[in-house]
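Just below sit the structures, each encoded as structure tokens.
Okay, so subunit A shows up in both of these, paired with subunit B first and subunit C after.
Showing the complex of A and B:
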């Protein structure tokens, strides 16, 4: 066990070092702004939305799949939850609505993938397009404001406990629960088995199809929670929310050391990967740099992270 | 006829195994030379040396009078030796012509010259007597027999002087075999030599000219006439291998008679694989299935386990019908499977030994999905000790273990102690449990399997190694072409008789 723990720690250690290096760069280049509590809070708030999605994505990818529909499903959930009809039932129903829409979309995709034997890439790509279209149709391409009587949703962003907005606690809760499910439950253990060797999992008596469907439902559930967070942060529901979030989430998972082929990965790694990404965005903004350069930097980070991981894997075997 | 290929004193050593221990082989131009031998006799290693995949440690290879040494598969192909493996290496999405010329396409400035390739492929197909195959057809849409023709056309396109065919008839229906033979005759008629590997004696008599028999990595006989050599002689050359397996003592014959049936399969049929298979396993009994690759033995086991759905027949476990086509159900009712391909079908290579053991019974260590890790670890540690896994460490990555210890971990998966409301294992299905396991570890596995049976578990054992089935099982069913052709107590059979049945299909 000690050896394995050490390897795992070492893998995260690289990410932690990268994170600290980026923070050091921030402190040097923007000494007056980077270290302020308001900046750190904004980094966490920014990370919260994609962070929640990343937790779901980690499950899907460890389980051998991929979910391209996350950003669009989140947008659909935010639109559905902010229609005047939904809003008339109050903030609790809005939140429940967002979660149900997300989970429902995930279930549909998961059903097609597991029982319809379709390729995850294609099913979730179709879901991406269709969910975005449905969101546009429902909202008539207009941004839907949260009504004043439902401001409880917005208060998730404005109310602070111990200096942090409530939505950061939601993010933290999702991470903790996600970690526990992945590492301490039969569902989590079977996720590794299903992703690492689906045939072996099936022959060991695991219901691989049902499990696969549940993984996508879980990812959809996370998109629903992310929709609540984005509604809180922007006070709106919109079909344009979450554009290209799927790429950031997948990138975070990959940087975090999860194998795209499934069977191996960690939630902690994914979150560290996401924080690295968010920190880069923050540094570029603070220094008034071009956003195009920011994209180039992110691309490089992905390549470097994967190269380092491959070297790590080879040196072990 | 002149000797095209002469191999002398070929030795090949693998870690822990001497796969070839001085093999001679002479092949003449224009002949069909058959290679016979039981599993583990060294046939595969020998053809891999011919194909340039392995390099021999000792010995010489002479091809057309010149001594050769292949650095790799490409070198062998350049010298005129093509190998057609059982698993054909064709690309389904490409056309026949593109497959034939894969890797040596007719091209100019990187652009393939399709018309020219199609014409050349058509000519090669014509030489093989299959002018009706159109070179522009996608290979994925062809039946198995036609794919084989494409593989042979590819061999010809490399100007092969010698073509090695590894059990080419295993995947073919009977009428397709006749067609295969016609193609082989076309080849030999043009002076190409064919090394033909098959377990079916009647095929060898029909197509073969001479036979070389391997046993224990040595040549048992060279250049026997294929048609005249009596079956008894061939079988006796293949049997009586020196490998000494230690089998645990068996209970008296008939001692299981009164005990309840754990498994009953009735009239099980899967078209094209096996038909009307009826078998029973009683409590504490080990039942062996003997048969060649392709005889349907693995498919029968997988069907009983619910991994395949039969078209007819039913499976009863403890007299209760089992819903077909669900492994989840089978496991819940008390079946366990050690599948044929350990690495691809059983092991979770990223995980530790302990987690590989506990994965199947995970629910028994959990309450509402929450794993009790202390109990899980204790159970993994108990089994690692009980099964004498080496090293005795449940936290080791499973991929670092030897084959025998990996197999113990797979067995251990079905032996976790059951919690409340979960049935313990009633039936173990073991498909080639000792494949890739060295002699010492085999004896331990045999003893373990017998011990499990003595505890009341029913065992259905599949093996290509006839001595293993005869030595370990109480009762043996002999399979050929998907039907049970013989059933008796294991002590009433001997190796030669079983081998004769599975190869020829006629009981002596």
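Showing the complex of A and C:
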């Protein structure tokens, strides 16, 4: 056990070093802009949306599953919460609506996976397509603006406390709660058990099916929260929100050292992985480089991160 | 043989009914949208050409509307066709799949429509089926994305991407020159960088700026979506502490760009948009933000295309021109909408 802990710590150490290296690159290449507090705030705000989704994704992947529907579910939640009908009930109902839609979509997917005995990859792929279609249908493929009377939602992005926009606190809260649930509750321990060896978990008296369903509901819940953040940042709900977020979230989780086969992983690692990605985007734009090179860099980083992790594991076992 | 025709007829009617239900289903989302101005733009001219003439069955195919601009194209075409008692409008299910659009156009050819209005997903890839229509004696009005082969269409009508960049470049260049700004920081937020239309826009922008001795300081692409508009603008604002002007290619993604600007609390510069959405026009009208102008790439071209298609099918020319037939190609000018003239453009703006 101590060995495992040490491996995990070492893995985080590698990620922290990578982050520091990127920060050093930023300080050298754009000395007047990179280190400013407003740029750091901007990076955190940028990371918030996918960050919240990544927390949910980490649970699902540790539990041995995968959720491809996250971006589409977030888009659906943002659209549902910004229809004129929903908007007429005010900002609180809009936020609750986003969370309920996200959780509901997650529950449906989770039910099909656990009780319908279907493969997560396929169910969530179906959900991805269907949720985006429903979002397009609901919004008539238009961008839905948040009405002025509901600007309380937008204020999550514009209001700052101690220099940070409120949505960064939402992100931080989700990370802290996620960490507590994963590391300090039976739900968290069961997640590791279910992902590591479902049969053993079942024999140990865990209701594996119910637990699996709850994991996808949790991921959906995170998508709902992310929808509130994206609504605040863009002042809109749209069926185009969150395109390919599933890939960014999965990549962040993998870079963070979570095994795709389940049973092992950490939330801190995922968040560090995500910050590395966000930092790269920021660095490229600060230096006026184009998006194509950025994609190449991200691809390389995924490969390098996984190679390093494998080597790290092999040398210790 | 008979049977296959029957089946195709059934397919076409299915597609038409499908499109119809889609439209009615969509309108149900707008009970309180009274504040929004005209959703569709249909012009009623004052010449003999608008008098009822020979009956015209008009096929219409366009990509699926995942963007306000394309949604407005379909709406405008439909609304314009409804203005005419002599036009039977046959839209097929919109799709973003090249393969599906090809077979949709094939069903329209089989149904022997009198004229086709086509906005292809990709001009190159739809070229062959458009040619097939022309060979079958059905004139094709090519909307916006051009077919490479001139035998594939009777008339092309579309916007001027290069001209759009020029219009934006002139507005920004002139304004900065008048202000006497030396070495200004000019940012450009593109749509999808890999598209030829984006490259044309950027080239026009750079060329026009060059005539004032200016150049683009930094350029990023934002995928035409609100969300990536926010992300890219957020980062660009960090990269440049003092900005003089921004040109954003697309008003839909502009909503996100403006949100990021507001979030950053910046207002030392002015911004020019692109396409001409109703939303951007309302912002220009209120004058409360950084958005001062937008250069049009107007979906009203769909209304014009329907009018032209009808004239072609009826064998008439354009009443303001001397010729007896409709011209082979019409490039719309990119117009600059500012606070001074926005009133005249608001009815033409499309809802994002």
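One rule holds in what follows: the second predicted complex is superposed on the first by the 311 of 317 C-alpha atoms of A that agree within 3 Å, B and C clash if a C-alpha of one lies under 4 Å from a C-alpha of the other, contacts with A are read in each partner's own complex, and residues count from 1 in each chain.
One rule holds in what follows: a contact is a pair of C-beta atoms (placed from the backbone, for glycine too) under 8 Å apart; a residue touches a chain by one contact, two chains touch by 3 or more.
Just so it is clear, the structure is predicted and the values come from calculations on it, not from any experiment.
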Per-residue contact with subunit A, leading partner among subunit C and subunit B: C
First, second, both or neither for A:186, with subunit B first and subunit C second: first
Touching partner for A:285 - first (subunit B), second (subunit C), both, neither: second
Which of subunit B and subunit C A:165 touches, first, second, both or neither: second
Which of subunit B and subunit C A:196 touches, first, second, both or neither: first
Partner chain in contact with A:204 - subunit B first, subunit C second, else both or neither: first
Partner chain in contact with A:263 - subunit B first, subunit C second, else both or neither: first
Subunit A contact footprint on subunit C (complex, rising order): 25-26, 29-33, 64-68, 71, 193, 218-221, 223, 225-227, 229-232, 234-241, 252, 255-256, 258-260, 262-264, 279, 351-352
Residue ranges of subunit A touching subunit C (in the complex, touch as defined): 30, 32-33, 36, 38-39, 42, 45-46, 83-85, 88, 136-143, 145, 154, 157-158, 165, 230, 233-236, 238-243, 281-282, 285-288, 290-292
Footprint of subunit A on subunit B - complex, ascending: 305, 307, 327-328, 330-332, 337, 339, 344-352, 355, 359-360, 362-363, 366, 369-371, 373, 395, 397, 413
Complex interface listing, subunit A residues touching subunit B: 1, 4, 184-187, 189-190, 192-193, 196-197, 199-207, 263-264
